[in-house]
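Look for chain A in each of the two complexes below; its partner is chain B in the first and chain C in the second.
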Partner chain A sequence: MGVYVKSYGLTKLGRSYFKSLYDLVNDALSDMDDTTKPDLIIVSSLFTSTSIGQLDLASKIAEITGYKGVPAIRVETGETSGHNAVLMAFRLLASGQYDNILLVGAEKTTEFLAARMYKEISKVFDSEYEAYMGVGHASLHALAMKEYMRRYGKTHRELAYWPALMHQNALNNPYAALRFPVDQDSVVKANTVSDPITLLDSYPLVDGASTVILTRNPNSALAEIKYAAAATDVMPITHKEDILDLPALRTVYNRIKEESGGDLSIDIFEVTDQFTITPYLIFESIGIADKGSSVDMVNNGLFDRSGQYPTNVTGGLKARGHPFGATGLYQLSEIAGILSGTFPISMEDAKEALILGINGLGSNASGILVGRR
Partner chain B sequence: MSMEYSVPLYWRNRINYYRLIGGKCKKCGRIFFPPYNRCPYCGSDEIEPVELPRTGKLLTYTVSYNPPEGYKLQTPLIIGLVDLGVAKVVAQITDAQPDELKEGMDVEAVVRRIREDRTAGLIHYAYKFRPLVKQE
Partner chain C sequence: MNGLLHDPAAIYGWGAYIPRYRLPMKEIARIWGWHEGVPSGLNVKEKSVDGPDEDSLTIGLEAAYNALKRASVNPKEIGVVMFGSESKPYAVKPSATIIAEALGITPSTMASDLEFACRAGSEAFRAIIGMTLGGLVKYGLAIGSDTAQANPGDVLEFTASSGGAAFIIGKPNGTEAAIIEGSYTYVTDTPDFWRRALQPYPLHGEGFTGEPAYFHHIENSVRALMEMLDLKPEDFDYAIFHQPNGRFPLKVGKKLGFPKEKILPGLVTPFIGNTYNGSALLGLARVLDQAKPGQRILVAPFGSGAGSDAYSIVVMEGVKERQQKAPTVDDYLVRRKEVDYALYTKFRNIITRIV
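Take a look at the complex of A and B:
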């Protein structure tokens, strides 16, 4: 029994000081323009108990979307919340328990000054032994980036091909937060956040909402969810065998590969590139690049839109933006849009796409295989 | 007076924070920090507390100019990954300017102020690492 993307809605990512989280959800719902009544609502959001002070957000979302009475729950697994909301919906639909599930991903990260949000975001890592010490999101990725550059003898400028590529890709995405080109030198020379990570190595703090309807009804669907998988790994990075390895994500990738009969033919990859270093760790952990070789592959254009592994063709977390709880649903919406030809960015020959997400440095990992209808 | 951080949480962890207590799995022998009630490697619940060595090597470090709220007076914050041989620890590096640090250098644990809880005034202490002071 198949599971399909029926419709999706997005808001332009950015600093929406004059709009509430509920305004953004409403805008996404209007953009989706689909009145199919869901029999379950799954909400994905990380920071709402702090950012807007609301618990039982799912019930409030049910009410403000006009679906009072429909059961509603919230999924939170850090930066993979959106991905795991899709995984839950996929399994519930595939098991025949529900017919139509409304997914709502929404985040407000600009309600407070950035330092306050950085404190909230640092909790995606171990709260008592990492965040407690003042270790921020960027700092743990900076440790990984520095170790990567040391171990494999790569320069910051070489790694910076990635953010430059993401800014290039975002130019054609009307929903992206950062629609301006940057070059590798300007990435390296930008203000340091946590060395070697600069401001242009980092995702922007943004507000946004995305809605998706997943259904068992194949009629007029935009795309098919072929499979979804998730896995966990240790939370403190000091428990990891190797700071540069993401074993949970490898498990997810291999599981999806097995489910597809041992062979994957991916036309578009969509990965969570929180910082410049993250996509390199992802490519090397799932095995499409050997350890230490992904930087050369990226610099040779293999991950460009016209390359062998087109990745983050809508700008990635780096340039599209990273609305945390909504990120997985932005990825799914854009991929479903590209595969169905309903998104402003088109890739006519693309038939299959793989969305991969990690929390932190891989404590939670999730993957969604999406196919053209 | 407002108190932002939990006192019981800090109190429960204080010995680990002051004396670097990790966990040792009696079954697979692995030592890990922070300590858990079950082994992150083999799942065994036979864990004993073990005091970690107080000196180790600075594997890598980063200088943070935009740390999370609450650490402004200590900015720039130096965050290091320290290898104690039996286990690794992520900690602030103190008593040194960034240009005095080198990957692979010897460092030692000290107990230092981590943060102050706003108007409540409660001061939280825990381990930090500094370049090893050579004893003559």
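Take a look at the complex of A and C:
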């Protein structure tokens, strides 16, 4: 029994000063333009208990979307919340318990001053050992980036191929937050956020919402969810065996590979590139690149849209933006859109796409295999 | 009614004052560990710092004194003094009365202090246009002056500086320095920057101070003024915008169609920082210091909270005889003495000595 993407809706990512979280959700619903009544709503959002002061957000979302009475739950696993919302929906639909599930991912990150928001974001790491001590989202990635550059003798400028590529890819994505080109030198020279990470090595803080309807009904579906998997790893980075390794994500990747009969033929990768270093860790952890070799592969254009492993063709978290709870659903929406030819960016020969997400430096990992209908 | 065309009003005198002390941006970056790209991105080199015996009132008084010298009017004919500032020495007690008294304007005068973040001085300017045109008073004195506060270590500290400008306004009589041919004000409740009562430093909404505040309000006031007067950017020889940093005025100018060359003569922030209520009015003073009869000037101050005024000003023959009657803005710009962060904290009472 298959699970399919029936429809999706997105808002343009950016600073939505004059729209509430609920306005954004309804904007995404309008963009989706599908009034299929769901028999379950799964909401994905990280910061709303602080940013808008609301618990039981799922019930509120059910009410404001006009689905009062429909059961609704919220999934929260840090930066993989959206991915795990999809995983939950996939399993529930595959079990035959539900027919149509509405996924709602939404985040409002510009309600407060940035310092307060970054304090919230630091909680994606271990609160006891890391966030409490003042460790920020960028600083642990900065440690990983520094160690990567030291261990493999790579320069910041070489790594900066990635953010420059993401800005290039985002130029064609009307929903992206940062639609301007940058070059590798300007990435290196930008203001330091946490050495060596600069402003242009980092994702932008954005507001946004995405809605997706997953269904068991294959008729007129946009794409098929072929499989979804998740795994966890230790929380504090001091418990990790290697700061540059993401074993949970490797488990997810191998699981998806096994489910596909031991062979994967991925035409588009979509990964969470919170910071410049993150995609390199992802490629090397799942084994499509040897340890220390992904920077050369990226610099040789293998991950460009025309390369062997087209990745984040809509701009990634880096340039499209990272709306946290909504990020996984943006990824799924864009992939379903590209595979079905309903997104402004098209890749006609693409048949299969793999979405990979991690929280922090890999404490939670999730993957979604999506196929063309 | 706001967009109503009014009779022309006149500027008789203008005056500026900038304290002599300068704190380089790199010194602030050194103390607080800022990346060098932060101050360089602001397009400001150093900021003016008020001396230990100066405050917004003394700065406003110096500027008003210079305006009076240029105007050559009898102080007793000035019927209103309005002091726009967000750093008044007294929370309660008017500063305008002290200035009016010091200049010999009292007692037959109105006098009050105005507060609207960075545009209170401009509100004074426009209110006095109405008072003089309506016949309530013969001349009025509008002052914008600040010793702007900023939380040490906050990005605002780079630009918050000290300075002021003053203008004597009345009905035209043929001898005026310039004619104000039209004005417009655009105001909304937009809380982009504020200081609560009894708090020492203001807070700001970071990126929210840009697009929805500064740019939205200035663009709307300037567009409305140009539409009202049927003028285009090409009709102006100078364009002066509120200058919280050295970058925003050029950006808003570009959006409105004003080339860099028309903005730079009135852009003083790169040399002294943001003098808040001085800001755009100091830019106007600098342009009047050098303008020629027949030239047209656009001035668009902005204040957080938020609002923007736009004025179209035509320079008249009377400007020439007045330009050298008092120190120019450039005289104050070149009169500089560099201080380090330690002296700055002493001058600004950021460190407190218990006695």
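By definition in this document, the second predicted complex is superposed on the first by the 373 of 373 C-alpha atoms of A that agree within 3 Å, B and C clash if a C-alpha of one lies under 4 Å from a C-alpha of the other, contacts with A are read in each partner's own complex, and residues count from 1 in each chain.
Here is the rule we go by: contacts are C-beta pairs under 8 Å (C-beta built on N, C-alpha and C of every residue); 3 or more make two chains touch, one makes a residue touch a chain.
Computed from a predicted model, the values in this text were never measured in an experiment.
In the superposed model, A:39 lies in contact with neither chain B nor chain C. Shared-chain residue A:138: touches chain B; no touch with chain C. In the superposed pair of complexes, A:158 makes contact with neither chain B nor chain C. In the superposition on chain A, A:110 makes contact with chain C only, while chain B stays out of contact range.
Between chain B and chain C, it is B that contacts the larger number of residues in chain A.
In the superposition on chain A, A:259 makes contact with neither chain B nor chain C. Shared-chain residue A:192: touches chain B and chain C both. Counting contacts as defined above, chain A residues 113-114, 191-192 meet chain B in one complex and chain C in the other.
Taken in their complex, chain A has these residues touching chain C: 15, 17-18, 110, 113-114, 189-192.
For chain C in complex with chain A, the residues that touch the partner chain are 35, 37-38, 41, 203, 205-208, 211-212. Of all residues in chain B, those touching chain A in their complex are 9, 13, 32-34, 40, 59-72, 74, 77, 79, 81, 87-92, 103, 114-115, 124, 126. Chain A makes touch with chain B in their complex at residues 113-116, 118-119, 121-122, 126, 128-136, 138-140, 142-143, 146-147, 150, 191-197, 234, 236-239, 243.
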